[in-house]
Amino acid sequence: MGIAVIYGSSRRNGNSEQLANLLVDGFEADRIYLSDYTIHPIVDYRHSDKGTYPDDDYHHVIKRVLAQDVLVFTTPIYWYGASGLTKTFIDRWSQSLRENKSEFLTTLSNKTAWVIGIGDDQPHLKGIPLVQQFQYVFEYTGTHFAGYVLGKGNKPGDIHQDTIAVATVAQIRKTWHF
Amino acid sequence: MGIAVIYGSSRRNGNSEQLANLLVDGFEADRIYLSDYTIHPIVDYRHSDKGTYPDDDYHHVIKRVLAQDVLVFTTPIYWYGASGLTKTFIDRWSQSLRENKSEFLTTLSNKTAWVIGIGDDQPHLKGIPLVQQFQYVFEYTGTHFAGYVLGKGNKPGDIHQDTIAVATVAQIRKTWHF
Amino acid sequence: MGIAVIYGSSRRNGNSEQLANLLVDGFEADRIYLSDYTIHPIVDYRHSDKGTYPDDDYHHVIKRVLAQDVLVFTTPIYWYGASGLTKTFIDRWSQSLRENKSEFLTTLSNKTAWVIGIGDDQPHLKGIPLVQQFQYVFEYTGTHFAGYVLGKGNKPGDIHQDTIAVATVAQIRKTWHF
Amino acid sequence: MGIAVIYGSSRRNGNSEQLANLLVDGFEADRIYLSDYTIHPIVDYRHSDKGTYPDDDYHHVIKRVLAQDVLVFTTPIYWYGASGLTKTFIDRWSQSLRENKSEFLTTLSNKTAWVIGIGDDQPHLKGIPLVQQFQYVFEYTGTHFAGYVLGKGNKPGDIHQDTIAVATVAQIRKTWHF
């Protein structure tokens, strides 16, 4: 039973990555840095007869995500939402719905998801819409939304000063028996 | 006093575009289709000594946006949020903050913004987090958030069946005296 | 097919009442002013062997509510939520759950609900949590949440200046064929 | 520097009370059980020439609240919101605004507030609107909203199984140096 960590930051070693690493340290985890890949915006072909999806890294990334049982979406809070990298990746799920809807949803419905969002401007309050969007996403896919951690940080490393976020992550680890 | 309509859909003539056009028809409007441009994800250089932003269409687009007084953000609701095109564009505002923060914020603080979000799955409820994210964005930039319209549609043209959204748009037009 | 309007204001002829009346004018409606009744706070007996609920007007009011097919919850936005009168009334639904859970839920699941919330401080944004609470209430009871109107007003009569709210109500009426 | 714990439950020794007690144990705290007092719904006299507020326990309770520096609002999540006891108490703040607005707001603006909300039905997600209402309340009063804990419980004592909520509370205590 493995974990996929989907890092949505534009840079390495930022606060959201650091908190996610505290969470998964010692567990088997596939670490997927979205910034390493090229994933183009979705094109909406729901109402077209034809259409070709971008030939980019989406299939590679979604395959790795779907191969794990626990998903940890890890994103800085950019402009009060998930990063564009994260959002663009999720938008592409519409492609998977078109390619094989029932398989895609069945696969996701057997997974458990966590969300980590780190920001600088009152993240515990202004990060709430981000959490609610994931709530609706997981309701749609049938994924169990196990919980989220909103934490405060600006300069890399700040997150360790958010002792409540760090303690929350330590406690979540204790509930993981896999 | 002109309007910039920022279309975030991946395709032309979709429901969000159609509703926005009902809103601005007859007014002077610069119609900006984000899907016509290449705007890469933000790279976070806030904590780097150097760094080069992508050489793409961002400057062209933001310049046109900032040239108008009324901004109409028009987006389909993809996965319960603004489209990746829209989110990635807004993420790039961090570049403008770094390039000239005071000028960027002063300019935005003199504008009025509207948001149109169209989706298929209970948009009036599940589109709320999208609205709240714009609320926080505009609080930060000091932009007057004049209102929003959430409407229901799936196939292009459906939006005309959402008679409440259409009536709302007609009423907003009547309050525009410019 | 009748309407129950549940007025939660502490006074008569306020803005929320005026907007609700624009909505239901000409339709058969049972107008229930919560301020006319004594409804005490819920006492939680879920984990007690015994317990007596307050002998007050709750049963009279809930009976009238359940007798109609369309419910219009009409409340001023007090401190960014439904009025205490409204909230205390809904809290008492826990009593109905204990008295006859399946009948209560079955009855509510066959109804359609609308919510009107009027406030003075950015009601379209700061009234959103109120809407979301009703969203969860109706999800639990299985009631169809048909829509909501958030409007702006302070002094009685102000609501007529919120031309968008008034137009929305006029449009909703046109969709009512009963 | 003392703490006022404002308990909004209808019964003693419930989960919200138990978690609040873990939080404040060993600190000087005035424990205010709203269910011990009679506080009637607000009557809105903002637009009346006269009007008499209910002669009940409101003044006694608000005086004790305002005498402390840290406020811990502790409520079960009833129907996805703060309890009617809690909401009715806050609604009466409108009376204090009328009696002496500047003194009331100045006093509250010097305080720090925490919110504890405990529920049974996905409290970390469905308790969010409750948090957002307090967010807007404290923005209005200028009170520093230091944080919140949403926890899961149904039967009294359940809260101790929510090890993340318990760990969060333990961590918050460590940040309290008064």
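To keep things simple, chains are lettered A, B, C and D as they appear, and every chain counts its residues starting from 1.
In the analysis below, contacts are C-beta pairs under 8 Å (C-beta built on N, C-alpha and C of every residue); 3 or more make two chains touch, one makes a residue touch a chain.
The shown structure was predicted, so the numbers you read here are calculated from the model rather than taken from an experiment.
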| item | value |
| --- | --- |
| Self-contact between copies chain A and chain D, residue sets same or different by half | same |
| Chain whose Cα centroid lies at the greatest distance from that of chain D | B |
| Rounded Å distance, chain C centre to chain D centre (Cα mean) | 24 |
| Distance between chain centroids, defined by C-alpha means - chain B, chain D (Å) | 38 |
| Inter-chain centre distance, chain A versus chain D - centres from mean C-alpha coordinates, in Å | 33 |
| Where chain C touches two or more other chains at once, by residue number | 128, 132 |
| Pairwise touch network: line, ring, star, complete, or other | ring |
| Residue ranges of chain D in contact with chain A within the complex | 124-125, 128, 131-132, 135, 145, 147-148, 163-164, 167-168, 170-172, 174-175 |
| In the complex, chain B residues that touch chain A | 9-11, 14, 35, 41-44, 46-48, 76, 78-85, 87-88, 90-91, 93-94, 121, 126, 128-130, 132-133, 136-137, 140, 154-156 |
